[in-house]
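For reference, chains read A, B and C in written order, and residue numbers begin at 1 within each chain.
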Amino acid sequence: MSLAEGWEMVVGLEVHTELKTATKMFCGCANAFGAEANTHVCPVCLGLPGSLPVLNVRAVDLAMAIGLALHSTIASSTFHRKNYFYPDMPKDFQISQYDLPINSGGYLDLPDGSRVSIERAHLEEDTGKSTHLGGSGRIHGADRSLVDYNRSGVPLVEIVSGPDIRSSAQARLYAAELRGILIATGASDGRMEEGSMRIDANVSVRQVGQPLGTRCEVKNLNSLRSLHRAIDFEAARQFELIEGGGVVRQETRHWDEQLGQTSTMRTKEEADDYRYFREPDLVDLIPDEAWQERIRGTLGVMPAERRATLRARLTSPTSSQLDALDVVVVLGFDDYVLAAIDAQVDTSLAMARAANELASDVEHISNLTPDAFAITLKMEQDGELSATQAKTVLLELLAHGGEPRDIAKKKGFEQLSSGALGDTVSELIAQHPDEWARYRDGDDKLVQFFIGEVMKLTNGQANGKAVVAELQARR
Amino acid sequence: MKSARQIVSDVQSGASSAEAEVTSSLEAIRSKNDELNVFLFVDEVGALDAARSVDERVAKGESVGALAGVPIALKDNLCQRGVPTTAGSRILKGWLPPYNATVIDRLLAAGAVPMGKTNMDEFAMGSSTETSAYGPTRNPLDPTRVPGGSSGGSAAAVAAEMTPLALGSDTGGSIRQPAALCGLVGLKPTYGLVSRYGLIAFSSSLDQIGPLATNAADAALLLEVIAGHDPMDSTSLPESAPLLLAHLDDGVEGKRVGLVRELVEGAEEEVVASVNRAVEALRDAGAVIVELSVPEFRLGLSAYYLIAPAEASSNLARYDGVRYGLRVDAEDVAAMNEATRTLGFGAEVKRRIMLGTYALSAGYYDAYYGQALKVRTQMIDAFRRAYQQVDLLVGATTPTVAFKFGAKTSNPMAMYLSDVYTIPTNLAGDAAISVPFGTGESQLPVGVQLLGPGRSEAQLLAAARVLELADGRP
Amino acid sequence: MASPLRREDVAKVAKLARLTLSEAELDLFTEQLGQVLEHAKDIAALNLEGVVATAHPFGLINVVRDDVLRANLSREDVLAMAPDAEDGRFAVPRIIGEAP
């Protein structure tokens, strides 16, 4: 989507990610998703009178890892209180970082060659979650709300980009690349649908070369697709408003995925004054060189490098293979593909199975080893398994782990012996004399018919190539 | 009333039992609480249970701890599991904490017997216990006068001989000033020496829990039990509890003591007279007295009355009617918050919340709160310079003896001035102790204040011991 | 004496702090808070450029805890305190406005 000639959109993204720690930011309650309401709370994360916060060292380690992966500067930092009233905030203030964040500066290079600057990536605690009763389940029109504090106190890192993004496509690339990095550092599992990664977009429009226009913050973006659509909508909305002689009002807008539009959230009478001041219950955080070095040592390989490694193994990749490459790297499946390629599996097949079958069950990937993946695909390639069978084996491995050959055997995916195949073909020739005659006379289309019939009779156990060879031999 | 040390000795030797001591304490409480309004809650059942379990351990020959069988009164801003804890406020009426403050766990481990929760100025904001939502506490030495605040109930409990020990909290003088007005020893420890986990927060960077007792040795005993690193409090000093009793009789021979002009200016005549006599006593005991001026101390009041309300305005935001305590229903949650807080908080608390909110707000932060934080740095530096010349400082604890009810309530500033000598120590995070020395008008006690650098509790208690001996209290 | 604080300031601050003041209280507090701020002029007037606020008076830094589970509160204990609860959650009247 593009605005009128000479106009551009200016977008900055704020990404909040929950950190993959065992416990919360300031207390020893479990950092777990999906538990029964209010079962992972204690005096600290409930903000009971007399409670005090104590910082989780792993949250600091992960925040530093994120900073290093984004080429930021790690500095001495303090915590601040951000004061406002809201029922999902047990203390009615949030412990966050203000003018001295742990990470500042940095950048992210995107696969399209562009670079987006990072302003900061700081630590803060998450709030509880409210559900709204009555009305549509959204906040407007609700009669009352119910609050669960399990999520209260979960460690977050907020990553703020510079206003460097110029299109929704670029925004999507940024979000995907950032997610890949967050997963690669072990800091996050990047699940937007579960809320462990949340994105807000700051959008404005302007004529190229002019100062920045007034921006609006767009919230409730629960997927990369929403991000894309919302940014396009909002930029267009602002542009049309200005074209029509109107003025963009600085406000926060809510994206509605169903209706495909942003709308004003109820504006407050006056801007929030958060009265930031240094958190007196915590002390300064000064990570020395040794600590930073230790984190640097645990960093691992970032998506850009992994993409390059995999790319180098693909000879003359097609554009669909390149698309698959991004998916594979973002999902962390490059090790699987590389293992398969090392076992002499065709790169197309390896990429396809990774981008499709593995991607369909990301949750359980740890049940499948790269080795088992390679073996399965080799069996398919060698004709020991049909495509259908290979996919079945992969899904079984994902669900329950195991050994590919054992699974194939258990499922009766025995290679159909050439003798059995020959008998089956003979039987079919006898049953379908007209079709056989036409095939013998040169009608190649009937190959598919015979393959289909062979599959029916053998419960899909025949190897397609072997059937074709058998038919040709008897022509 | 027996001293705490005597009780421990008797209980451990079998000369007495914890149950007997606690029963005696309960009788004293019963006989005077209605008149004096010291305890908001008396935990008769819990106390007797705890006492019996101490006696069982003694009978079995098991060790029972440094405070075995000693009845102790707890200021009502200390969270005790299952025991009503109100912080002197209506907004927490009926609230039962589901956990213990660290200091309470340590008391229990040492065999002490918590007797109940004492009255206090609401959320520790006050110097007379007159802002409590549950009525004022009367000074046991003269029931027409205040016991001081905000730990007025705790001081009264000891002064009325209900318990030999009490815990209070001190943010701008709230242990020391009531100690002075009730004739007790009261100590504010170095910031971080005693864990704040479970202390209902007023001003996080200033609050400390400390002992109230009739003598220095008992205060030392109690402080040894509650002090020391706590992993649940990030501001807690890393070391374990210091040895205090062992140094109690160190004396002050050769110590340099600074008499600070700014810690006596504006005090009533008899208070000044007591301070001067105390200085003589220290000199007689071998101390070298130096006269000092620390003009930065005069800035303390202003800095304190910006920093403390600012932190309090944030610490008290959580009282919003959502999760515990009072709730006044309304159409929407913001209106509910407002109705709840308006009914639940008293005038002084509202005043300080608004003052603090203002001092932090956009446009005013630099001039007020930001400036006050810098003054605090100057205060710390001023103390450090003073302690290059002397080991301890001496002055008055508070400008007057116990005053009549209502004497200072019409004008907030008048009440705030009660804290002028105690505030600087809180701002610096150092330690200070109030020791009774002499009496003023109507034979009411005067408190003399000794101040020391961070971690100087042993020195302070030793000097306090010298004074109490000189004052005829062996 | 003119208060350094205006009535509107106090009204605004009361709203921020979720407190309702009567007209009489508004007047009283404007005067009383004004007195405190008037007294605080002594520090407002100081030139403290270059002076840095102190974090912890004894210089504590890097106080952290290991990422290890600790016993939490039972749901019964948690909800027992609640003024209103439903379905294991704290119930509140409707919320107007999204979170900032």
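Here is the rule we go by: contacts are C-beta pairs under 8 Å (C-beta built on N, C-alpha and C of every residue); 3 or more make two chains touch, one makes a residue touch a chain.
Predicted, not measured: the structure shown is a model, and the values here were computed from it.
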- prompt: Does A-B or A-C have the larger number of C-beta pairs in contact?
  reply: A-C
Central subunit by CA centre of mass proxy: C
- prompt: Between subunit B and subunit C, what is the separation of their C-alpha centroids in Å?
  reply: 23
- prompt: Using the average of all C-alpha atoms in each chain as its centre, how far is it in Å between subunit A and subunit B?
  reply: 54
- request: Between subunit A and subunit C, tell me the centre distance in angstrom, where each centre is the average of that chain's C-alpha atoms.
  value: 38
Query: Which subunit B residues touch at least two other chains?
result: 95, 98-99, 231, 234-235, 313, 317, 320, 322-324, 333-334, 337, 357, 361
- prompt: Multi-chain contacts in subunit A: which residues touch at least two other chains?
  reply: 43, 46, 54-55, 85, 87, 145, 147, 273, 275, 282-283
- prompt: What are the residue numbers in subunit C that touch two or more other chains?
  reply: 16, 18, 53, 56, 60, 63, 65, 73, 78, 90, 92-96
- prompt: Along subunit C, where are the residues that touch subunit A in the complex?
  reply: 12, 16, 18, 53, 55-56, 60-73, 75, 78-79, 86-100
Interfacial residue positions of subunit C with respect to subunit B in the complex: 5, 9-10, 13-14, 16-21, 25, 29, 32-33, 35-37, 39-40, 42-44, 46, 48, 51-54, 56-58, 60, 63, 65, 73, 77-78, 80-84, 90, 92-96
- line: Touching subunit C in the complex, subunit B uses residues 95-96, 98-99, 190-192, 231, 234-235, 237-238, 298-299, 301-303, 305-306, 313, 317, 320-327, 329-339, 341-342, 345, 350-351, 353-355, 357-358, 361, 367-368, 370-378, 380, 411-413, 416, 428-430, 454
- prompt: Within the complex, which stretch of subunit B touches subunit A?
  reply: 77-79, 85, 87, 92, 95, 97-99, 101, 196-201, 203-205, 231-235, 310-311, 313-314, 317-318, 320, 322-324, 333-334, 337, 357, 360-362, 365, 369
Statement: The subunit A residues in contact with subunit B across the complex are 43, 46-55, 81, 83, 85, 87, 90-93, 145, 147, 273, 275, 277, 280-283
